[in-house]
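First chain A sits with chain B, and in the next complex the same chain sits with chain C.
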Partner chain A sequence: MLAEVAFTAPHVDFAALAPEIVLTAGAVLVILLDALALDKIKPFISIITGATLLGAMIPILWLANNGVDRSLFGGAFVVDNFALLLKAMFLLSGYVVVLLAMNYIAEGDYWESEFYAMMLSSLLGMVVMCSARDLLTIFVALELLSIPAYMLATWRKRDLKSNEAGIKYYLMGVFASAIMLYGMSLVFGASGSTLLTDVAKGLSGDNVRPTAVVGILFVVIGFAFKVSAFPFHAWAPDTYEGAPTPVTAFLAVASKAAGFVAIVQLIYVGFGTREDVYQPLLWVLAAGSMTAGNLMALRQKNIVRLMAYSGIAQAGYMLAPLVVAGNDKVGDKPLQAIVGYLVIYAAMNLGAFGVIMAVARKTRSAEISSFRGLFHYAPALTVAMTVFLMSLAGIPPLAGWYAKFQVLSALISAENASGVAMGILVGVNSVIALYYYGTIARSMWADDAPDGDLTPVRVPPALVSAIVITAAVTVVFGVLPQAIGHFTNGGLLAIGG
Partner chain B sequence: MDFLETWGISIAVFVPVIGALVVMLIPKSWGEDLYKQVALAVSLVSGGFGIAMLVNFNFDDTGRLQYLVDKKWIEAISSRYIVGLDGISLPLFLLTLLIVPLCIIYSWNHFPEPHNPKALLALILLLETGMLGSFVAQDLILFFVFFEVVLLPMFFMIAVWGGEKRQYASLKFFLFTLFGSALMILSFLAMFFLADPHTFDMRALPTALQGVALSTQVLIFLGMLIGLGIKVPMFPFHTWLPDAHTQAPTVGSVILAAVLLKLGTYGFVRIAIPILPAAAVKVAPLIGVLAVIGIIYGALGCLAQTDMKRLIAFSSVAHMGFVMLGISTLTQFGINAAIFGMVAHGLITGMLFFIAGSVKERYHTLEISKLGGLLLDAPKMGWLLGLCVMASLGLPGLAGFWGEFPAILSSYSPAHGLNVELYRIFMVISALGTVLAAGYLLWLLQRVAFGPSKSHGDGHEQIHDMHVSEGLAWAPLIALIVALGVYPGIMFKSTDAAVAKSLAACLVDDKGPTCPELADMLHAERGK
Partner chain C sequence: MLLNQFLLLAAALFCIGVYGVLARRNAVLVLMSVELILNAVNINFVAFGAFNRTVAGEVFGLFVIAVAAAEVGVGLAMVLLLYRNRKSIDLTEVDLMKG
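Up next, the complex of A and B:
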């Protein structure tokens, strides 16, 4: 690639880039409107943002219907079913986050239109990430999605905790980026290319160069920070607690998912033949994340911190199937398991944050004890929260069971000790996790409300629709998992060039 | 007819969950009675389909799955929606359909604190769908999903409507069972990937798994042993049961005892043994040992209890021990006895928990030392308690006998390949268990029903004998306890051929039938 001297303009397939173009236009529009017609337009900014996200869905649906895999810029940017499904997931998660944020941001004296512009550009980075099949594209997408997220985390400007959240997230994030970039340069040095398909060719063979080993490890570790995997998880609880809750939901779902998308692409397209290098690392990351996350979650008193630790554990479950990736018998099962898990996780986790925000509107607290006796004054919210918590715990017939089932299925299909051991670990961890999910659920249903205060919670319509959408997805995907299998099954390995 | 053939099971299984949604959506202002009427109607509709299927059931061909439905479900993991009824599932399916309406009738006028009939009824109906589904599912994943659906309603039932230590008991129940499920699903997955061709279909798995190494089969079987054994509950995994039973509200205890525990034993009969017969032969002695320990340990535990409900709960451990002993013989005779034992235990222990609930409501305590003179205060209830105690200790002529006695007898001559001496030892020990059972049950009866009334003279209100709702709820159970005791053949007729078919893999490998003399005995019994 670098050898080319004469510049020829690449052929650009604009249809393939349409979702990104719509998002860019939306972000620019939001900023311009804000600059030109400040106060008049303010109430409509969130609606414009939502419309942009749904508008970007149109080309995605068209592309999916069209069914042709498209490859741009010499294979660095690929639009296939895998990319389209995940882009759709990011856009819809973004839409739900807008619904969550609408009242929170409007009522809380925040910079409003900038918030949405930041979110759009972060989502743009995520959407690009789904198509990135080149080390540089991956890095650019990562920075595009991360930098706005750093700022969003500090959005409660006058709150010290929010500042702490943002700074911690920022320092950890750039540290991870640096490690990753160094790793990428080593991988480039060892394989002679930044294009993932060529990296795969360069790395294959009986002997692996030490530089390649270090490179692969550094790149994976860089993303381990992003997905808050143990032992690189320390930033997550503080950042989640300090950031505004809608932003926390955004970080916990979309930003984490973007990290996984990158890891999956790197491993399946780029490092695929080097399972001897990445499997042991991922074993440690997965086992450590789920065990440490669950054990620390047991001790939490704050629901957002609890969700942070539960998110670390969930990241462990999602990393687990990669432990057997690259084995002959397994095929693309880990890939399907992770993609399915990401979609289901987005629904159930966003829903849980929706209920947390709705309850906090009344209690003004994020303590777990503020959920006591919720059933007595907000039965609908209680049922919804129970659905989300039990789905996170993996109880059928809620979607979480299918997510976990696919992980186990991938692990057992390897028919080796490492897979079975990891499977048992996932099983044991599910039981530990049930303890804290179950404790919250029980306390909502069985305890008395604090101070006998039974005034109902007033939930704004946007929040209601966010909770209803996520709850519906959580139940439907649980009863009819085929709905999701249909997407993840189709032509996923058309990945690559 | 065709309608019943293709839709019967699905309607019976899913009508309750629809009913649960309806109950949840009825606004409070329409009155409390409406919830109860809707819930009862729903469970009766479901029961009506059950009876229609019973009437049209072909009893000459109980080994075949009838009302079979086989449709696409989750293609991505090649799991299918396969439901069907054969002679093994039919009695348990009907037991569930019977118990749920009775529980709703029983609760009619006395919902446990904190009241809220709407939520409790919705949970009972949700529970019904899970239980019914588990007994008809013929696909491992479908079975697993239904098996798990049962957990949540039961968890909330104990956690919200339970006794003082409900918080501890509900979570303990939940965590124990989920741990079992986790191991169970791993075993299911292992079977799926080892099967050739890959399948979750219980009908196809026995042949599909024939080529698997015995050591692997044993490992998978052990996974299921723990998963299902927790639910039964078998000896080392039983500790959740006394807590859950003692703390659960009356209807919760009844459903738990009558149906939920059977999911575990049913799993052995339906899944573990037919699919992995060779591993079953290897592991059976272990099951037998645990079963016998359960019988003796449960009985000794009973003798030490001071709480009536806890005593009945421990007696469940002992009774399920007899069921597991019957299963561990791997003979047609033993497994027939086990299935009879499941149904009999469901009826009798369900009844005992009903009575315990009513006693608690009247005396506000279940401390045995504070009870006494039930026969004087409430003679009808006192006599019913007497009858159930007799049935539970295995008096011939009542249902309990046919579960216990043949199970002991079957261990005289276990299946080919099992150590006969060992099983004879089991037989002797388990026979001692029946003596202990008579001991603790009669002692319970003596302390609760006989003697002077302890409620008079210290300002207690007059003790009311049976209410109409109690009478209505209990009559069918009592009738069945007596009917099955007098004419057990009616059940063996349903189960026998199906058991023979499920054991086919064990029997074919042997040189001839496992224990001809006992098979003859069974035949003679059926011929009468």
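Up next, the complex of A and C:
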């Protein structure tokens, strides 16, 4: 049977692959420089990494300007506007994470150049994920982004907490990807193809095979682990607390967004016709994540754990629009809502982690009480943190408000009970979330600094620029929502098969 | 063609693997249980590939084998690290962080 298949070399459109090629070259360069001349090159490794990430933006801008959808490898790798927008988001969040990590990694006695090589590999996986329209490509992209992330979480080799963070993340991640693979094998069996467009054809029809039902559920559950949705969230708070803080920011933003990109592609391109199978599961995941995440965030004492639980709740808001994804009245609205939310969430969450790291440089603590009286000795950081927290809570005129508004508008436009019920849950949960975000903000502005210690925080320039970039994005997208709406409007963002 | 038998074998392996991941306390045995699940996946892919007369199943199986090797490499390194720092690879003792 194997002999029947003659091999013909596929035509490869290298322009479409240029961002991935730049990232690969950057990662290889960092490893080679490390091996050949570490002593001389060490201070420049982070700069080379940043330059690689910005360099990969150039072909993306060119491709976006060119405007033609490109499909490679028989449709397994598609470069369309959806892919380009998210690739740009991953590269820019990667750049901000490099800015966050620069001083932290250099001052903390870590392995430095390997750190950046791992991060570039992980980002390469995320960038591939944006274009992956085939089960095999999605799987390889997922592993490429996850395996370096497991290592990054364990980066403090001698620290027991970091070990624990890594091993929990690793075991949960491997277990989840094994379950996802089992689901993929069943979906492949039921549809006869790994290409998502063919999977959609194979799964459509009045009768659905039991193997397909189990397969779809297992695949979605596998990615629910990745985006830390309830009840598969148990690893997230421990991993976030134990990992080095820049890695936590990376996991909380980029890694989570990659899981969402995969879910969106699977549901919009592959499983779209089977909303009767995935919608009940997504309803439970979304409702459970936002409620459980917010309730558990209320009793946290550690700011990083609080951000982990708030991230679980935010994952719930992002899953919510998918509940109405198959509805004819909504069209592409859920897709736009999720992509807009991902971009805005990346900016505001990375910014919040930037401030947490800046404050921890002085207080050496991640306790929420260490933020008391911040205004009296670091007013600029206080203003920035307030902007990020209020944006996460969804207060106008900050970007988080527009993201939530898009989610609600998609849910309500479905005009059915499940959409409206989910909309009400989002509303109730936003109020709960405002309580714990607001508590931190109030204690920064109103309380006295602990022990009357008013020495200012010295923030290195890289960290300042990271906070300024993310704050600017958070404010601009809130005041001028059409700026993000321009990128995510319907005509631009239809996913190509 | 025999398909159900292969699927049943894979389903049994999958269940044993899931049980192992949830019940085992030794980190290496948890890794081996994950390998059982991945082998169930491979059996499924090859059986479905042969049944549907496409090589996609075999190709997917090869990718799973290769990626699983990389994954277990990282996992064993982490278990070794855990052993060096704690002198134990009992996962129930890895509980510094809670709540």
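The working rule: the second predicted complex is superposed on the first by the 486 of 497 C-alpha atoms of A that agree within 3 Å, B and C clash if a C-alpha of one lies under 4 Å from a C-alpha of the other, contacts with A are read in each partner's own complex, and residues count from 1 in each chain.
One rule holds for everything that comes next: a contact is a pair of C-beta atoms (placed from the backbone, for glycine too) under 8 Å apart; a residue touches a chain by one contact, two chains touch by 3 or more.
Note that the structure is predicted; figures quoted are calculated from it, not measured.
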Fit-or-clash call for chain B and chain C when the two complexes are aligned on chain A: fit
Partner chain(s) touched by A:336 [first = chain B, second = chain C, both, neither]: first
First (chain B), second (chain C), both or neither touched by A:220: neither
Which superposed partner A:157 touches (first chain B, second chain C, both, neither): second
Inter-centroid angle chain B-chain A-chain C after superposition on A [Cα, multiple of 10°]: 140
Contacts of A:408 with chain B and chain C, given as first, second, both or neither: first
Touched partner set for A:171, first chain B, second chain C, both or neither: second
Contacts of A:428 with chain B and chain C, given as first, second, both or neither: first
Touching partner for A:179 - first (chain B), second (chain C), both, neither: second
First (chain B), second (chain C), both or neither touched by A:396: first
Chain B and chain C, minimum CA distance [Å, superposed model]: 25
Intersection of the chain A residues that touch chain B with those that touch chain C: none
Residues of chain A defined as touching chain C within the complex: 1-2, 5, 135-136, 139-140, 143, 147, 150-151, 154, 157-158, 160-161, 163-168, 170-171, 174-175, 177-179, 181-182, 184-186, 188-189, 192-194, 211, 237-238, 241-242, 299-300, 305
Touching residues (chain side chain A, partner chain B) in the complex: 336, 375, 383, 386, 390, 393, 395-397, 401-402, 405-406, 408-409, 412-413, 415, 420, 423-424, 426-428, 430-431, 434-435, 438-439, 441-442, 445-446, 480-482, 484-486, 488-489
Complex contact set, residues of chain C against chain A: 7, 10, 14, 17-18, 21, 27, 30-31, 34, 37-38, 40-41, 44-45, 47-60, 63-64, 67, 70-71, 74-75, 78-79, 81-82, 85-86, 91, 94-99
Of chain B, residues touching chain A in the complex: 24, 72-77, 119, 141, 144-145, 148-149, 151-152, 155-156, 159-160, 166-167, 170-171, 174-175, 178-179, 182-183, 185-186, 189-190, 192-194
